[in-house]
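Common to both upcoming complexes is subunit A, partnered first by subunit B, then by subunit C.
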Partner chain A sequence: MIREQNTMNMHLPAIAISLALVLGGCSSTLDHQLQSNDRAYEVSWSSDPAPIPVNEFFTMDVEVRRDGTLLASGDLVVDAAMPHHNHGMNHIPHIERTGTGRWHVQDMLFHMPGDWELYFDIKQDGVVHRAQESIEVD
Partner chain B sequence: MPRPHLLPMLLTMSMLATIAAAQAPALLDRYEWDYGNLHAPVAVQWLSDDRFVIVESAPVGIRIFDWPSCSTPIKIDCLEPAGLDAGPDETCYLVDSGRHQVMHIASDGSTLSTIGSHGDGLDQFRAPADVAVHEDRLYVADTGNDRIVVLDTDGSPVRTIGTRGTGPGQFRRPLAIDIDASNRIVVADADNHRIQVLSLEGEPITAWGSWGSFPGLLQEPSDVLCLEDRILVTDRLNHRVQEFAMDGTLLHAWGMHAVKPREGQGRVHYPDALAISPDGRTLAVVESFEDRVQLFGPHDPDYVDERPTQPARSGIQSHFGPTVVLDDRIMMVWEPEARAALVFDHQRSTPIRLTSIFSRGDGPGGFGHLADLHWDHEANQLHLFDRGTAQVHAYELDLPDPDQPRFDPSMAKLQTSRTLDASIPMHRIVDAERSVSGNWFLLDGTDGVIHVLNANMEPVDRWGTDLLGHPTAITIDPTTGHLLVLDRDPSTLHQLDTNGSSVATIRLEGIPGGLVQPTGLAVAGSGDILLTDAGTHAVHRLGSDGTHLASWGTKGILHEQFWKPAGIVVDDQDRVIVLDHGNHRCQMFDLDGTWLMTFGAGRAYTPSNRPPLDSDDP
Partner chain C sequence: MLALCCMSAVLGFADEPAVVFTPRQQRRILQHSPVPAVPDDPTNDWDRDPAAAHLGQALFFDAGFSRNGQVSCATCHGPMIAWTDAQPLATGLETGTRHSPSLLNVAHQRWFFWDGRADTLWSQAMHPIEHPGEFDASRIEYVRRIHSDAAYREAYESLFGPLPPMDDEQRFPRDARSDSPAWAAMAETDRDQVNRAFANCSKSVAAYESRLRSVESPFDVFVEGLRQDDETKLAALTASEQRGLQLFVDEAGCRQCHSGPLFSDFEFHNIGIPTGHGGAPRDPGRFDGLAHVQRSPFSAHGPYSDDPDGARARRTASIVQGQEHWGSFKTPTLRNIERTAPYMHQGQFDRLEDVLAFYNTLEDMQLQDHHQEMVLKPLELTDAQLADLAAFLRSLTSPLPPKSLMGPVDPRTGKPPSEPIEGP
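Let's turn to the complex of A and B:
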């Protein structure tokens, strides 16, 4: 018992640190992880529903970090396009900040099957940094 | 030849045109006639009879047209003419964009006075583009300062309207101005791709338009003409004229051409300016790019234009140009209409297109009116210097294996779009260059200044205030590391070291035929200097000391001919690539001017594959 208590006591700091890291935003539970194209930011995102359906609205949760820390300032714009067809979406998504470094995106619609690119444009201090991911929708 | 007394006639014409505008037919889209072979016309004004005046810019002069003949050019003391308007006092006002002033001209064409000077004070301008005379006041589109300046006709300042921006009452490159029948200021707000309407006091009333090519959308509108019941707009990069009701409702769009230069006969190509005849039944559309003015009459419901609208049979798919950059593998061309950077692999006998980088809209990463592109192969970075949004965009390219070039629309990835320090007037930058050490040199063509930025694009220095006049291009001499700046007034090459100290100043006086509109600049591996002249449609090769070595090219559409050549680059094999902008193509030569290749977005011709060209098929 004592041993268990001691073990528990030994584990407590690690658990507390892990919990603090998660709550503080050092890692993400979202499905997709990527870096901005200039490697300055980390973006995590997940969609609902997942995978992204064709011609059905979906929402996204997005987290943006720099050096492992959720972004306290700056703005995010999410967009998507089909480079092979040289067009984007036919809806403008609604983006809402839900917390430090966290955003919720509504009104996303991939109206055609095929190769899409998701763009996450992070604006901070007069510079837009883009992260992007290719998505095949069928 | 006696010099005609223009301006009393201009005055009468102006009043008559105002009266006639109320009687103008509902639609003036019926092609009637054109005057071609002009010298880069920029403005038209009708006289009180059937005659009209055309202002030319390269070389500068005025001509009077009295159908079917015209006068010889009458010289005027103007560096870069732009908008023209007639006043109520038997004089007229002509904008000299190059000297940042409005000229007050007498009836014999002589200068009575000049209004304004270079700067941003209440009565100063930066590269103004148009003037409207209304009652006893001048309304000037002060393009380089992104505002409207209102003055009394004697030049006394009244007020300025607007600042740079995208909101109501703000402007990005206001190119043209007119006053409508309801005493409202109407402005062609070019880089906002919209028409703005304001009260005479400057209060925003309404605005319409955004970037695009569908009817009602605009791409860099270049002129506005207010009639009694509607507003005509030259929609320059959509190659058409659009007519709007006073509230911005689209009425008509006409004139669209089919990516085929010289087409004309009702199809317009880069329309710049509009004017209406005193009886309101003839509309003049000025196309400086085509050296042409087309005349349109009342719509004829029985007229059917049966010409096909498909591209020319030689396969022109793109307007192609005017900017070009390259290294030993990659060549890139900027195409304004498509808002696209076209990327080619030029290692093979003919270039292969690898990707096209498009801008979609004005959101993050969106680019508009590019001044220059810069490709750094080692860093795998393409920089786009965007005057329209006043940003610098950096892309990386996922290039294919050199042995397996292939087209991939996803090849380019935007890294950053950067708004530079407020001290850098990005919207006035005309060219950019980078030193081996990583410093950037941004050339302000309006103020004649070089802004020096470090590798992080932070300003570190500013050169040239007392040295440069109206610079158009900057490059680095690979043999010396010196900067070379091409100045058009007077035609001069400035050599600067990388600290900004002047090494040499070369007056370009020994070039046969002279320089009219020097545009592009490059240096070969040997140190020879290459220039393009859009005014004489020629390429010149000079020694490093400015000695003339060779010239080639004449105005035309055949191989080895040019139409307003713009960008020029030299590859590592000393092949000279000229962006033959007016013919929507590139041409490649050796250093002596021997033709090697013609190519565009969808074709390539060499001496062994020389196509049959005729005068209708550039």
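Let's turn to the complex of A and C:
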């Protein structure tokens, strides 16, 4: 028992540092990570349900960081399109900021199977920075 | 992972090659069955109420609400022909411009009418009443008839409370159609009372229509067999039907639009189909429909909705509106398609084979300046493949709803009008 306690004590600083990094916004537990095209921002996201189903509304949680820190200012727009079909979604998603650098997105709908592109437009200081990811929905 | 290799001897078509579905095809097939339970409609607090369904059924079959006393909902949605009319174009008081869709499984839909100009089943039921070519009635006369008929009044008031005092013709003039000066001159609270009663009746019609389910087809038995690895159930589809299914979920690309358990995405597409009247298309379809649904007071976000701040209301308010919607129409369900000829939004094609022939060649396709589905290419299937595809589509035929839903009833009991009402 004592030995286990000692081991735990040895690990405590590392756990504390990891926890601080997570709470401070240095890493994300969301499923997908990508960078904006100019590599200035890191975007993380998860969908519910996952994977994204055909023609069923889904929600997303999104986090945006710069230099590992959750974004304190700026806006986020999420959109998606099927480039091969020359159309996008039929609804404008409802996007709500839920905390520093965090957003919840509702009313996402990929109404057709096939190749979609998911767009994250981060607007900060009058400049839009886009991150995008290809998603096959089948 | 399900591993299905349909042994020809087991399935009873020994002279034909076995149909082997890839894992990807199997996964896609499973998406089409079973049909889930009818979804709740939070905008209609009475959508599951049996008493409301009884009142709705009585209203559905009653031609007394039309101007000439001869048109009811069942005129275009006849129960003996799968709740449609077997005509290319709907005919109420006049012949319309679009085909009557079947009401089977209608409560699963996201939008209503070919152009989606209603976002709830109950608000759909209101449109034909005041349409000059359908019932050509008015909501104020509609509510007055409910008020003056003892059975209707009893059924209504037991559900929704007192009707407005419709016998007060000063407040509720007979000639007050909703587009008339007489209607505009009414007190706003009186107009609201009429609107609410009209909406409540329509919610009852929706409660009835929600019961029109027809979902247990040979295809569904086959999918059960696929899930359970049950050879007896797998034999529910013939070899030809299975080959057609394989084409449907793969090479033919039908599931691009005909997805999910109802075989429809219930969204809107312009497939360039030749018009029923010849020449260029004139019907704006979804382009007009979405403008209508966003401004209608009877939409999900309107004052007569029981969930005006809910998800459906929010989604109606957030529809993307653009030129690409011009000439697009809702993808119809393929369930029971064998029963619902003719096909397409103007009933352009008499037979299922005619529909498939169009997709096979895209002959006479109407190319427009507006956006069209960019992915639509001629299928170029062989005659045998087309026959397989048609055979599969016919395997989506299910038993019709019970006879008790097929005719008029007493609005208070849900029983045929001839049956005596039991005393208290």
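What to note about this one:
Following the convention adopted for this analysis, the second predicted complex is superposed on the first by the 128 of 138 C-alpha atoms of A that agree within 3 Å, B and C clash if a C-alpha of one lies under 4 Å from a C-alpha of the other, contacts with A are read in each partner's own complex, and residues count from 1 in each chain.
As a convention for this text, a residue touches a chain if its C-beta (ideal position, glycine included) is under 8 Å from a C-beta of that chain, and two chains touch if they have at least 3 such contacts.
Note that this is a predicted model, so its numbers are computed, not measured.
In the superposition on chain A, contact is made by A:Gln106 with subunit C only, not with subunit B. When the shared chain is aligned, subunit C comes close enough to touch A:His94, but subunit B does not.
Judged by the touch definition given at the top, the superposed model places A:His84 against both subunit B and subunit C. Once chain A of one complex is fitted onto chain A of the other, the partner contacts of A:Val54 are limited to subunit C, with no touch recorded for subunit B. By the touch criterion defined above, A:Glu133 lies against neither subunit B nor subunit C after alignment on the C-alpha atoms of chain A. Using the contact criterion defined above for the overlaid structures, shared-chain residue A:Asp38 touches subunit B, although it does not reach subunit C.
When the two complexes are overlaid on their common chain A, residue A:Gly114 makes contact with subunit C while staying clear of subunit B. In the superposition on chain A, contact is made by A:Lys123 with subunit B only, not with subunit C.
Common to the subunit B and subunit C interfaces on subunit A are residues 84, 86-88. Only residues 24, 27-28, 31, 255-257, 259-260, 265-268, 311, 314-315, 318-320, 324, 371, 373-375 of subunit C touch subunit A when the two sit together in their complex.
Subunit A contributes residues 54-55, 57, 84-94, 106-107, 111-114, 138 to its touches with subunit C in the complex. Contacts from subunit B toward subunit A in the complex involve residues 356, 358, 360-361, 363-365, 394, 396, 409-410, 413-419. Put simply, subunit A touches subunit B in their complex at residues 36-38, 77, 79, 81, 83-84, 86-88, 115, 117, 119, 121, 123, 126-130, 132, 134.
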